[in-house]
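The structure's right below; bear with me while I get my questions together.
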Amino acid sequence: MVFVSRKEHFNAAHKLYNPKWTEEKNVEVFGPCANSNWHGHNFDLIVTVKGDPDPDTGFVVDLKKLSVLIKEQIIEKVDHKNLNMDVDFMQGKMASTENLVIEFWRILESKLPQITDNAVLHCLKLYETPRNFVEYYG
Amino acid sequence: MVFVSRKEHFNAAHKLYNPKWTEEKNVEVFGPCANSNWHGHNFDLIVTVKGDPDPDTGFVVDLKKLSVLIKEQIIEKVDHKNLNMDVDFMQGKMASTENLVIEFWRILESKLPQITDNAVLHCLKLYETPRNFVEYYG
Amino acid sequence: MVFVSRKEHFNAAHKLYNPKWTEEKNVEVFGPCANSNWHGHNFDLIVTVKGDPDPDTGFVVDLKKLSVLIKEQIIEKVDHKNLNMDVDFMQGKMASTENLVIEFWRILESKLPQITDNAVLHCLKLYETPRNFVEYYG
Amino acid sequence: MVFVSRKEHFNAAHKLYNPKWTEEKNVEVFGPCANSNWHGHNFDLIVTVKGDPDPDTGFVVDLKKLSVLIKEQIIEKVDHKNLNMDVDFMQGKMASTENLVIEFWRILESKLPQITDNAVLHCLKLYETPRNFVEYYG
Amino acid sequence: MVFVSRKEHFNAAHKLYNPKWTEEKNVEVFGPCANSNWHGHNFDLIVTVKGDPDPDTGFVVDLKKLSVLIKEQIIEKVDHKNLNMDVDFMQGKMASTENLVIEFWRILESKLPQITDNAVLHCLKLYETPRNFVEYYG
Amino acid sequence: MVFVSRKEHFNAAHKLYNPKWTEEKNVEVFGPCANSNWHGHNFDLIVTVKGDPDPDTGFVVDLKKLSVLIKEQIIEKVDHKNLNMDVDFMQGKMASTENLVIEFWRILESKLPQITDNAVLHCLKLYETPRNFVEYYG
């Protein structure tokens, strides 16, 4: 079994703000991340799938198809968007990288069979900054 | 003369939107960068000063002092902020990296003498993404 | 005046081989770079233009248009190609990064007016590897 | 148990082309990667071994020896080479990164005991580009 | 379960020298790393914790608190220090990255409960250089 | 004229300490950089030369020869060394990156004619950390 990864990126605005809490508590917990007028990041998303290489192609998965799938299913929905306001699958959730990566997994796991009957989703790695990142294995 | 550089970073939201234009024209010119609910970036700012090294310290400028100056004069005003709404020196200007770097220059050029009587500002380099960046020499 | 840069990339094969020389002299001068069956690189190309920001857009140049221009005029002609065999503007020239960057300049300088009447080409920076790179200012 | 990694690099040409298929089918499946005159990459290879640190040296493995082993057993055979034509252990196989990393594993697993009786091979990570990479655990 | 990581850095001097051995044997085994007057590195430390995101914050762990903990417990003790001479928890041990990462684990595992009752330590990754690094999972 | 650059690296220990000053003044000016037991860095050195490409080779300079020159003249003298104690050309000077880059220039400018009668030294860029670096043009 070989693990194959593709990196894509998107730029988005968000804030960390719990509407059940007072403004004071939000600032206490989230600090500048709670800034009411938003802030933003250049996110990097690494999608890893696993499987056996196909003898005819040498591929576990066609990385061009995987790149298109990630762009259509994830990047187009979040790039140059507000993660709190513009993204349907984040409605009612805190816009943390932890919650983002879980939602990305749900989407990609269900769509991956469109491009492969060989490979399965293994890991998503999401960088919010070069210093802060999360990983999810389902 | 030696050129000395310090890199700092900040995360901010912005949009590119000209209020003199219609919504349609803004979308036509700026595309997804005009998204009304904002998007954002991890910006990297490299400040370069030039001068002769001081024989007693070997320094053109004390980089710890330069780092503090950049943080106090620039980073605190833009980090985890909305560049269109929250930043006084960007009021009435398009929030492009070109305009940002010009305003950063005005501030840093006037404040640099607080930490050095030897070095002068040479260049600011501002990365909006690893693929898009601007430089300004005053 | 502000300097604005856009980074693109391409993957290509080449070899360094002077047909006027013997095989022995080619190996002596170029070492493994003369390998008759080619080798290759992931090239990074940084295009820098300069000009005054437009007050209506805040832009020296629209980086989306610059990106499209670089892709159409350069990347499509060299990406996943053999620089010695497949690229018309390199015929009869040594496929060094020095010669590549000079040819890229000729093309981009002549085509840049298609997307701007404000900015002019300032510098091309071409990475053959993260350790070897060239710059050209025309 | 501690995991210890060493990164090396090589530059090579290859193409993805299945000789059992027509030219049309190769282009359909592999796109520009099937370019008959080759293309190439700067590959990065990260070799990870695992074991307990030796009390006398503090080392799981001597990274200088591991570096020499990787260079002698892998890098010298693929650097500035054509992966389809010049590399004995890739004969008759598709020159994909998946197949490359499997062959690298076979070689390094058999040669690692030459430099250590303590550490065993854990993982190979092979970057074809900064955006596309594979991992193999045997 | 989501894995969350924070990267910090420090700059330190060290040498690899076993006092039980002769000078000759130290040079034979450690080469230039045994230089009696020391050498040094810019170390990068990535701390990974794992747990379920808190529904109220979206966080596995507050990365600001994790950053402060790493700085107080690790960075302040090793940054701009001599790892052999100045660091109490390295006394009597070879100053290898393997031994460093094991000691860092002992400290962080015991202190992590101060900032979270949800997340546990999963992995430490320590870069001595961009080419040499170690990982430890306890 | 084309500018050609080569990147090399070395790891060294140093401290910033002016022997004409008291211990207190050294700590006041240099902070943790004055730590008496040293600290260290992974330095990156980028050497840029300029000239016209040779029609027979396509080269401004043979980068393999430039790499060997840098290693013989600079890297071997500073790698895994103490910049204050072990390096002859730094005796009696503050071991700042500013002073290092000036000394490197003197050496390389005088030795470059050994490998080229075409190219001249243009710039040295020395990274002490990814955030602090200096440039020198002679």
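Just so it is clear, A, B, C, D, E and F label the chains in written order, and each chain counts residues from 1 on its own.
Just so it is clear, a residue touches a chain if its C-beta (ideal position, glycine included) is under 8 Å from a C-beta of that chain, and two chains touch if they have at least 3 such contacts.
Because the structure is predicted, anything quoted here is derived from the model rather than measured.
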{"item": "Minimum number of chain-to-chain touching steps separating subunit B from subunit E", "value": "2"}
{"item": "Shared chain contacts [subunit C and subunit D, defined touch]", "value": "none"}
{"item": "Farthest chain relative to subunit C (centres taken as mean CA coordinates)", "value": "E"}
{"item": "Of all other chains, the one whose Cα centre sits farthest from subunit D", "value": "B"}
{"item": "More contacts between chains, E-F or D-E", "value": "E-F"}
{"item": "Subunit A and subunit C: spacing of chain centres that average the CA atoms, whole Å", "value": "33"}
{"item": "Centroid distance [mean C-alpha coordinates] between subunit B and subunit A, Å", "value": "28"}
{"item": "Two or more partner chains touched - positions in subunit C", "value": "31, 130"}
{"item": "Every chain pair in contact, whichever chains are involved", "value": "A-B, A-D, A-E, B-C, B-F, C-D, C-F, D-E, E-F"}
{"item": "Subunit B to subunit F touching residues, read off their complex", "value": "1-8, 48, 53, 55-60, 62-64"}
{"item": "Partner subunit F, residues of subunit C touching it in the complex", "value": "16, 18, 20-21, 29-31, 93-99, 101-102, 130-137"}
{"item": "Complex interface listing, subunit C residues touching subunit D", "value": "9, 11-14, 31-33, 35, 37-42, 79-82, 85-86, 129-130"}
